[in-house]
Structure formats: C-alpha cells, structure tokens
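Chain IDs A, B and C follow the sequence of writing; residue 1 opens each chain.
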Amino acid sequence: MTLLRAKDLTKRFVARGPLGAKAGFTAVDRVSFDVRLGETLAVVGESGSGKSTTARMIAKLLEPSEGTLEFEGEDVTHAKGAALARFRGNVQVVFQDPFSSLNPRHTVERILMAPLVYQGIAPNGGRRAHAKELMERVGLNPDHSLRYPAQFSGGQAQRIGIARALAVNPRLVICDEAVSALDVSVQAQVIELLRRLQRESGFSYVFIAHDLAVVRQIAQRVAVMSKGRIVELGTTGQVFDDPQDEYTRTLLAAIPRIDPEWERRRREKI
Amino acid sequence: MSELLVVEDLTVTFPTTRGPVDVVKDVSFTVGRDETVGIVGESGSGKSMTSLAIMGLLPRGATTRGSIRLDGTEVLGASARELRRLRGDRMSMIFQDPLSSLNPYYTVGLQIEELYRAHRGGSRAAAREVVTGALRQVGLPDPERRARHYPHQFSGGQRQRIMIAMALVCSPSLLIADEPTTALDVTVQAQILRLLADLRGQSGMGMVFITHDLAVISSIATRVLVMRRGEQVEYGTAEQVFAEPRHDYTRMLLDSIPRIDDPLDEVSA
Amino acid sequence: MARYLAGRAAGVVLILFLVCLFTFVIFFTLSPDPAVMICGKTCTPERIDQIRDVLGLDEPFLAQFFGFLAGIFAGRDYGAGANLVHCAAPCLGYSFQTNQSVWDMVVERLPVSATVAVGAAVLWLFLGIVAGLLSAVKEGTWWDRAAMGLALGGSSVPNYVLALALQYVLVVQLQVLPFPQAVAFSDGPALWFQSYLMPWLVLATGYACLYARLTRANVIDTLAENFMRTARSKGLSPALTMRRHALRPALTPIATIFGMDFAALLGGALITETVFGLNGVGKMAADSIAKNDQPVIMAVTLLAAFFVVIGNVVVDLVYTRLDPRVRITAR
C-alpha cells in the first residue's frame, strides 16, 4: 500500500543579487517516488544533491514549485488548515541536530506533550503518563522527564527528538540526517532504536542521509540523488550490489572501507 | 633514534571551575620519517588537543607535562620564537573546516605566500612562483589565475587542497591533519585522501592523521592510536588494531561501524 | 556596476522626495499661519494678505509643494511686479526671521558643522580604536576592565553635561582655553584650534566610548576565528598575525558604522553647537525650531536626510571594496 507519493516534485529558488540580477537555481528537479506503508526508503546524495530540499518538501515545510504530493491518496500539495494539521499528525520529522531542534527552556515532558496538545489528542492515562511511556520506548529513563535538553548527551537528545516524533503515533517519520552528527558508537545504538521502533509500530521512514553505510543498515529501498535528480531508485540490495548508474558506482567506490581481510580475522576471533 | 616525532607521557590539563581537568592523559607514540600515524577517537577523546599540543597551539590556560620532540627538538617548553620557526616550516597543520580556516579577506595566493616568506624570505615575485607551483602540486587547475581568488570562490574540496598546498609550501617534515575530510562529501574525501597519501609518499614526510572515522584511518595509516576520554586505549600497527584489537573499547568501536558490504539483517545490537 | 549605481541613485532621489513631502505635509497641517508670524507686531490684515500673496500661501497644497521643489532645481520668483524677487536655484526660500536666503545660510554654516564633525571623528576613531584594541588584546586584565568601565560611563554622560563641565573646568577654573567663540581659520590657526577643541572633545567622547566597546568586541570575536588559528599555525610573527589577519575583519564593520555616524553629524551637531555658540547647521536647526522658521526647518531636515541617505550609499559602496565576499557577488 502506498502511503506517500511524490510526483515530479520540483523546487526552484530565485536568488536576487545586490545588482537586481536574478539567478534561478533548480534545487530539486522532477523527483518522483512512492513510500510504502511500513518500509524505509532512503534518499542519499552528497551536498547540493537536493536531498534535504526534497525532505523539506515531503514534510511540507517547503512548498514545491511544481509537482504534487499525495498522502494516503489525498492530494496534500497545497494543504492548509485542518488538512495540514491532519497531515502533521501523520508525518513527523527527526532533525540532524537534536539540541537546536529542542526548546532548551522546556522540560522533556513538556516537549513530548506539545505535539499531543497541538493535535488535541488525550491519550488514556493522560499526556504526562504518555510522555513517560514514550521516554521508556526510546530507551530513556522516565524519571528524567523533568530535565532539560542540555542535561542529556547528544545521543540521548536525539532519542528525545525521536520520542517527540512518535508522540502523535505517526504513519511516516522523516529522518533528515538524524544520525549524522552522532559518534559512531552512539550512532549504531540510535540506528538500532529506529529499527526496533519500526518493527514495533509498523510506520514508514524516509531516511535522508549522506552516509551510504548507514543507509544500508536501515533501508529496504534507496533513491540516489545527484544535482537535484534521482539518478537511481531500487531495492537496497540492487543499488549496493548491482548499481546501474555511473554516479552511484562512483559514490559507492569512494566509501572508505576497512581491509576485508582484517575484518574477517577480527570476526573469527569473536 | 631516527623517529621524526616522539611524544612521551603527554598530559594536557585545563583549569575549570571544578578544578583542573586532564583532557589528555599520559599519551605516548612515535611517528617515523616516512609513515602515517592515525589518531582515532570519538568526541571528547582528546585527539585534537593532542595535535594542538604538538603544534604549540593549545588555548590559553592549558598546561602540559611530558615531552614532545620533533627531530630531537623539544617542543613543550620551547619559546614562542622557536615555536614560530617550527610552525609552518618543519611542521604544518590542516584543519577540518577549510572555509573558516582561511581568511576571507585575502586571496589564497597571499595566504600561502605570507607563510613562505615568513620562513624563507625573498621577494614577493619569487614567492608567487612558489605559490603557483604549490597549487599546481595539489591539483588545482589554472593555479596562476586561481591564486588571485578569494576562499569563498572555491569548492570545499578545492579549499582543502589550498590548505594542503599552504601546509606543504615549505616542505615540512611533519604534517598534522586534523579531521581534514570530515566536512567533505565522500567522493571528495576519497580524492583528498589519495592526494595526501601521494604527497606524503613523494616527500617522505611523517603524517599524523586525526579522525573519528575508523574506515578512513584504516585506508591511510600504518600505525593507529585509539583514544578515549583523553587516554590512550590502544596503540599498534593498523593491521594489529583492526584485525586483532586487544581492547574492548576498540572492538566496540569497530563493531559499531555501519558496514557497507553487509546486508541489513546481519547487523544486531 | 553602472546598473547598481543607477538603482541606488533612483532610491536616493525617491527617499529625498518623500522626506520633502512628509516635512511639507507636517508644516502645512500643523504649524500656525506663517504670514501672521512674518508680519510681526505691527501688523495689518492688508499686510498679511500681501505676504500670503508673495509667498503663494493661498495656493493649494500641491501647487505650493511643487513650487518648493521647482525652486530647488530651477529657482523661483516670489511676488509680482515691483515686489518680484527672483530666488536663483537652488532656492530653499527665505528665512521668515531674517529674510536671508536659506541656501546662503546653509552654505555659510555647513563648513562650521563639517569642521566640528571631521575634528571629532578623527579624535574618536583614534581613541576608540586604540582603546578597544588594547582592551581586546589584554582581555580580562585590569586595563581592560578599567577602560571598558570608563567607556560604559563615558557613553552614558549626556553631551550637554559634558560640554558645561568641560567649559567650567577648562575656561572658568583653569583658564587654559578662551571662552568659545566663532573663529574662522583665517583668524589664526591657534585661535581656531582652541575654539574648536572643546566641541571636538565633547562630541568625540560619546562616540569614542562606543567605538572602543565595538572594537573590543569585534577584535575578540575575530581572535577566536579558525583562520586566526591557521595564521598562528603558519608561524607568522604576532605583529603580522594581528595586523593582517585580525584587524581587517574586525574593523570592517566599524568602518560602515562610522560612515553612518559621520554622515549624521554633517547634518549638524545640535546640542554641541548650541552650547558652544558655534554657528553651524545644528545651531541653525535649533534656532529655526525655536522660532518656527519653516523654510529653515525644511532646509535643515532635507540637509540631514541628504547626508544620511548619501552616507548610506557610500558605506555600501565602500563595504563592497572592503569585504571581498560582497565584492564578488556584486559583479
């Protein structure tokens, strides 16, 4: 079942220079893809590929210049008011930098209750209990619900960001470089958390990342973007093991790898 | 000893409101004349402080113990004048973010030229020749014209090439590279890594390569130092550290690396 | 570049036009009948009518407004027949108080205000930047704290208090300076210098304190930049590191603020000129407001607007020369 459908999404930015000269720039050029219920679709690319602009358009944080966006069969391209609020109740975003996307003056409890208040949801047992439950689900100590974001480590803060996204029980979670800023050991834990949450709740991810190795750990399908276009879209196995596009091959070849022989020897020892 | 750089029991201490804190504790390693030593660690491991200590660039207030010898010259406790003579000439450093590491107000040519002239003197015209040669060496097309451009007119990869050209213009015997590819795209990273390896091989200098990325380290370093919270966890040849890690922390780090060659289901917590 | 300049010039003209219009509207609607004021104490209704006629005060608003504008560019005639007075362009009208040509008044007084502004600017730039630099380099030392405390205090002392205090100490008590008077340079450089010294000091104090704090903050920010670390890693001398790498980034923003402050001062230093009895544009503004001398008020308002708007353009142009990042995108 198709949850979200992006069709020919295009974003053009017009920059006006100090001389009044206009410079058009197409950040995203006719990008189309489907997101199925329960799957993880990764969108990968280097800086300037348009992956973040795409993420912002499907999260409806940015209006596309052209193209349409459908959610559960409904055209939400220009959704406003109640339709937009409904969309926000179904689609949530986890951002790259947890600290700048969490209000430093609000307690975790308040941060986690805010989406419920906004959506007018009153869960059984009250919002406060729901917030504690969420903290538990993402592996945080619920006794810390009255602490502030600054009192948590980077990995823990990102868990708060994930819990906030899950508060309204969304159908789609967009992760915009959600694990890029984390140390590698913390990153592995957060990836595992994201996978577990999906197994438990069955929602979909659109996983925006520049790190292909991370993508391989989490996505069923991968869209490779370059210069505003999707150059390749396929199952993770196909894209990684049998890339069709020249750019995908370059990208894969550029990833630094540990000598496989060393890897094999290390694994044998365990 | 023919080692180029000898670091012995290096400790770097910072004063804080809660008393002095050791950000680097008893770290020892050596760098040979023709090799790359990798220092790897997560944030807060003290790897960057170690490199700044070698360059004598620690922030004000930091105190150091131990010994750092470059070609037999003690760096810790050297006078400001002696350190200035070493920096840029016998040891150089490149940084993570090449855009903010270059002064936006001056052409890249001038920024390389001033380093060369500070150590070798000579006329500006002569220095300009050297600058052009240095930029050509790092693979910057049309170096004569590009030397007159400003940092913001280059791409991220080109800026890091410029930083490398600047660091190497006096042919130092030691290059310290502090996360030089972290801010770059993966395809550009591959180019810069190759360039660094090539230039190091040609000149026979020693290199200290600092990164949080174990895969990057494995592709460039002959010896590896693993750091954690200021302490040295493991130190050995790259092969030994990656194939037969002795310490649990190293094993955990290696297990955490998302593996490009592994299908989804093989990975578990 | 030519297109950019043309655009800016059009903007300048538009803003000055609007300033004219608003000033005119305000005086047209809010002020008492100028004819009555000009007429003075020995006044008859006939005389008032005559003045109205000569000044065109009976005409509708727009006609008066465009008459004023036309006067600036082409000159205009007041009255008719034997009473005809030709006011050559640029005509800003005649003072209600003295009957003098307002343009002539401006031409006469502008050099005084310019002298005050230039002298003060040299002083405050030198004092402010040197003090700010020293503070930044010696951040946290007793010098830094003392200088910044003084700067904070100095920038909160009102100009007229400082002016009166200075006058009392230097002229009355110590008698090292003569009582301030309007002196031309031709009257002797020493006397000229003495008469302007106090206005310079008074005006410069507030600005110097402000600029010292700005300079300090900018230099401290710049010293923390990554490129300063690079400069040190290159083994450059401390002098070169400071002069080349720190000063230019730190002082460029100050240059732009200076342009605006200086331009505003050319429009007259109202309080300082009044306190020291200097016949500058500022004093002219103060006098004209006190006596509701509309043509003069119009002129000083326009003049101030002119300098501020032009100053703005000059600052922008200079900035594109100082900061290469702006320079390149402007091409």
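Throughout what follows, a residue touches a chain if its C-beta (ideal position, glycine included) is under 8 Å from a C-beta of that chain, and two chains touch if they have at least 3 such contacts.
All values reported here derive from a predicted model rather than from experimental measurement.
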Review point. Moving only between chains that touch, what is the shortest number of steps from chain A to chain B?
Key: 1
**Study point:** Furthest chain, CA centroid comparison against chain A
**Key:** C
Review point. With chain centres defined as C-alpha means, what is the inter-centre distance between chain A and chain B in Å?
Key: 33
Practice item. Could you tell me the distance, in whole angstrom, between the mean C-alpha positions of chain B and chain C? Key: 53
Review point. Which whole number of Å gives the spacing of the CA centres of chain A and chain C?
Key: 55
Practice item. Within their complex, state which residues of chain B touch chain C. Key: 55, 57, 80, 83-89, 92-93, 95, 97, 100-106, 114-115, 118-119, 150, 152-153, 163, 166
Check your understanding: Any idea which chain B residues touch chain A in the complex?
Key -> 42-43, 156, 185-190, 193, 212-216, 218-219, 239, 242-245, 251-264, 267-269
Practice item. Please name which positions on chain C make contact with chain B in the complex. Key: 225-227, 229-238, 240, 244-245, 248-249, 252, 323-325, 328
Study note, to complete from the structure: In the complex, the residues of chain A that touch chain B are 46-47, 154, 183-189, 191-192, 210-214, 216-220, 236-237, 240, 250-263, 265-266, 269-270
